[in-house]
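Okay, so subunit A shows up in both of these, paired with subunit B first and subunit C after.
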Partner chain A sequence: MADISLGSASQGLDGIQSSYMAQVQRRRLYGGLTLLIFVVLMVSGFNIADDRNAGGFWEGLHQIGDYPADVLSEAWEKRADLPSLIATYLPALVETVNIAAVSTLIGAIGGLFLSLLGTRGLARWPRLIPVFRRISDIMRAVPEIVVALVLIFVLGGGPVPAMIAIAIHTAGALGKMFSEVAENADLKPVEGLASTGATWSQSMLLGVLPQVAPNYISYALLRFEINIRASAILGFVGAGGLGYELRNAMAWGPGRFDEATAIFILLFGTIVFFDQVSSRYRNRLTKGQAR
Partner chain B sequence: MLKIDALTKRFGDKMAVNAANITVDKPTMIGIIGRSGAGKSTLLRMVNRLSDASEGAISFDGEEITSLRGAAKRNWQSRCAMIFQQFNLVPRMDVVSNVLHGTLNKRSTFATLFNLYPQEDIHKAIEILDRLGIAEQAPKRAEALSGGQQQRVAIARALMQDPKIILADEPIASLDPMNAQVVMQALRTIHEEDGRMVIANLHTLDTARRYCDRVIGMRDGRIVFDGTPEQLTTGVARDIYGAGADFSEAATSTEIETLDRPEVRHAEAFA
Partner chain C sequence: MTSIDLDTTKLHADALFRRKRLIGFGIPAVILAYLVYIFLAFDIQGLAGRANWDNAATLASDSWSHKVHVTRDNRSGEISYTVEGERRGTYPDGQRPDWVTGDEVITIDLGADHVVRYLPENRTEIEIPDFPLIEVEAKGRRLNSNLPGDLPDWISASDRRIAITTPEGRITLTGARTEVFNYFPGWELFWFTLDSPYHGQGLSRILFGEQLDPTRGNIEGAVSDWWNNAMWRHKDVAWAIGETILMAFLGTMGAAILALPLAFLAAKGFSPVMFLRAATRRLFDFFRGVDALIWTVVLARAFGPGPLTGALAILITDTGTFGKIFSEALENVDQKQIEGVASTGAKHLQRYRFGVIPQVVPVLLAQILYFLESNTRSATIIGAITGGGIGLMLTQAIQTQKDWEEVAYYIVLIIVMVIFMDWFSGWLRGKLIGSKD
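So, the complex of A and B:
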């Protein structure tokens, strides 16, 4: 049998132990120092921010539940009206979800092109990769609300500016995520298709898309959930839908809190619903991929 | 000591393990053989409580195992170490940390977060590594080691748990013959020197014959053979694997010295 050093005490055991202990001590020291610096920065940063705050954190802390309590108690008193209020705001909810759906679809198509054109190994024009990457950086760097405000100023209020604003942001964000998936795609099918004389679009369509489709759809569904929230927020600046109604109900103060509650229930229910639907669908996609 | 009584595991309508009965009176080195899908892994996983039994009972020193929950279950798992085919180490952590994971059952999450293992545990971990001949690898990352070394780190983690039983699920299936021999030898030594029970799933007959005191054969979830290595004739092996007359043990062997096997067993396995 070959010489197996099982149980053969190497002479350096003490040396190994002490050098490893030294290494552990050093690691603990660094870890402790990092933790200390972190705590000091957090505490001092908090104090600076609190000093510059008009109200003060500690004085205001106990009032944090006041507004929700007002809203909830008023809604509870008028709980009989809630079902009819929910029915009233259902059309606004449909508008919000519509904005999200259309902008996700348009954004995903844009993101698809940005990702394929901006991924090394797949790009149609390899030299233009940085250009397409910067385009997608810019598209997701600008907040939706800024684009929406500009567009509302130019085009007037309504769902179309919100849709365009969200679609631009979605294209940038999905372009980034899609291109990370595409980087891991197997290039052999693409080479095989190119060897038959296929065009770039043909080899992307048949060689890359089938590989990445489950991940792409999964990211697009996640983005759809985010966009429902975004489209509700954009209603605050006059883009219509549920957010517009919510702003009115909240800004007019007591007396309309039951309406605010009804809108919150709708929004919460919608997000839970689409979260459940898309997570079930995502699970099926990933399982289908494994099979 | 260990008593497995009518243990059954169902996946849907498929019986992975079908009413298995095993009784072990004293610490023994047991090999479980059978073809893929015979239920060997499922059986071991139920003993460690990584998966729950559908029916039946396991008891150890009179203690009922299958009904343990929460902390009691984790305490049993710390007394019943497991070794895996793919080693299941944390690849990005160093070897000693991986061995120290054997003490996690005794440590709080807070102590684990800040890597606060006592000095005697660290020294003990390195001594165990030295016993397995890989103390020089102590500060390296687990992923930097060869397969045979990684499996020995996994054995060291198991020893760190100071377990009564070591379960080994195909411990040598992804190793080359040379490393397989080192790992099996290590398990045999641990059994003999420490008096721990070792139950190993093996996919080669000659390994089971050579290192084990008792061999259990499984086929389609049922235990079809339970006896000494000497009783395991080629005819019995054909039954276990459901093979025809063309079945040749040498064809499945990973041993270097397949041909002079019977003599090798006693001469070297206990060396």
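So, the complex of A and C:
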């Protein structure tokens, strides 16, 4: 009796062990296959990209330092002028930061409405929730450069096309992030306010916004960091600000490398500065909420 | 005693209310003041004057319609029929649109009783309802016409050039040539160009009908003619989209591979040497701070324009971003699992492999996939600067300022591409680490 039970137990153990080993082996096989596919994709992708590039990767690799070295050595020779050049480009920097700030502001307001109108439980018109969600998806999918280039054609160069382009994308991106936060908002204050006869905008303003404000502001600050970079890039295609000056200085080539360096320094400094400031405030906002 | 208490409480409450009121009015006031400043700084008032509404009108109508040019060269007397005025859209010899008739006198029927006649000896007659018949004769570089002195605003005329814009089409006359533009809705020649035997054939005719080209099978020939369409360049567009996605893929994945080991160096609890930790972090800050724009510019000098440059620019910037995110994730790992693995006698590497990696992989994968989608957008923008992918095709099409239907086509494709990548990365995330809901 005891023998039999022992035998069946060990048989059961064997069975468990072999099935476990089989599972582990299958897992390893799948893992290995995935890795293999990934490596093949990376290598062949790299080769295709290398083929279609004007210069090859391996020939270019040792020239990578040449251009920065040229630029920096020229800037070093004219280092006495650098502070005054930085002062010259300060207005362009202000324009770049302004584009980012305004588009974040307008985008955040747009995202706020999109998120409130597209969140279950909060929406003014519950039937239209999918409509507002699709609108925010499409606004998010449009790369800034598409809108900017078309608007530059109509409105001419300058900060306004960049501002509109970034604001559209920001509204879509923030609309999605905001609505994820709003979904977790407590609905009791809204019900309480509704029972006093508050209108939709009053219950949103007094019931929902105080709950979500720290997260919203934190996301908007993160977006502001991203938008400074975007506004510099759009300047490069003709939308004013620091990027535009950088392209002009670069197109000139040697002789204006000191200006290019001044712009590099300003851009780098601005990005790092706003990154640090915004990450400090974001930390404070999210930690303050946890307390 | 109690009254004093109440008084102080009341004072306190009053102060709070005052502060709240101040914030309630202050923040909107600050925002408003800032917007007013921007309104002035960006010269939005002057924008209306600078804006070119003709451009906007061309853009809006061209993006969904096409025009067919009927051109008479006044020196040789030759008449050509082209779609959008492009050589690739020229009607083959002996063929012309069916709204053009006649041999000696070419009659162009623009519709709604608007008729243009090309007469011999470079004379032109234009019939427009509710307007007297316009007769123009080109002599050398001059134009003689019967147009009266005061003209409606849809006609502009000098002795060198006459332009007439009607709802049915446009007519321009100069000494050298006479041109009529007839507008039609839709994207013309999207499937086949005029020299293809499949142009104008229905889908069922191509699929099931008799063989149209004696040397090729119908489906094979049609696919190849569409793929090699010289007007719309479907092949190049497909390649360009592939390049853009490739840039995003190579950049994101390469950055993740580079950033993972570096993140261990930068994470507290994994990297014992403080100096090394600080140095790695500054490196990440530098990579991120220099920004993709400057990396693109610098790398394009070394590698030349193309998708590889774009991929490397994304790779370097994102190595910084990923390094920061990954090292933060590593600092937040739960020590208990590592201790548990260590208690079984696991060595250093095994502790990382079985104690740390399973904890951070979901976080890292989610970030990588999110960046894959966002980098598709960045790759479009970087492509416009460094010269690769769909971004370059879009900028080129916009800069030529005439192929707005192609611009519209590229914009639609870009949006579809980004939405697809968004969906794909979400789907992959669901498969790999389970969906959030």
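One rule holds for everything that comes next: the second predicted complex is superposed on the first by the 266 of 291 C-alpha atoms of A that agree within 3 Å, B and C clash if a C-alpha of one lies under 4 Å from a C-alpha of the other, contacts with A are read in each partner's own complex, and residues count from 1 in each chain.
Assume a contact is a pair of C-beta atoms (placed from the backbone, for glycine too) under 8 Å apart; a residue touches a chain by one contact, two chains touch by 3 or more.
On a predicted model such as this, the values are computed, not experimentally measured, just so you know.
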item: Partner chain in contact with A:Val24 - subunit B first, subunit C second, else both or neither; value: first
item: First (subunit B), second (subunit C), both or neither touched by A:Val102; value: second
item: Partner chain in contact with A:Ile16 - subunit B first, subunit C second, else both or neither; value: first
item: Touch count on subunit A, higher of subunit B and subunit C; value: C
item: Partner chain(s) touched by A:Met163 [first = subunit B, second = subunit C, both, neither]; value: second
item: First (subunit B), second (subunit C), both or neither touched by A:Met250; value: second
item: Which superposed partner A:Ala49 touches (first subunit B, second subunit C, both, neither); value: second
item: Which of subunit B and subunit C A:Phe236 touches, first, second, both or neither; value: second
item: Residues of subunit A touching subunit C in the complex; value: 38, 41-42, 45-46, 48-50, 52-57, 60-61, 63-64, 66-68, 95, 98, 101-102, 105, 137-138, 140-146, 149-150, 153-156, 158-160, 163, 229, 232-233, 236-237, 243, 246, 250, 264, 267-268, 271-272, 275
item: In the complex, subunit B residues that touch subunit A; value: 96, 114-117, 119, 122-123, 126-127, 130-133, 135-136, 138-139, 178, 181-182, 185-186, 189, 268, 271
item: Residues on subunit A engaged by subunit B in the complex (per definition of touch); value: 1-2, 4-10, 12-13, 16-17, 19-21, 23-24, 27-28, 31
item: Complex interface listing, subunit C residues touching subunit A; value: 31, 34-35, 38, 41-44, 47, 50-53, 55-56, 59, 243, 246-247, 249-250, 253-254, 285, 288-294, 297-299, 301-309, 311, 377, 380-381, 384-385, 387-388, 391, 394-395, 398, 401, 407, 411, 414-415, 418-419, 422
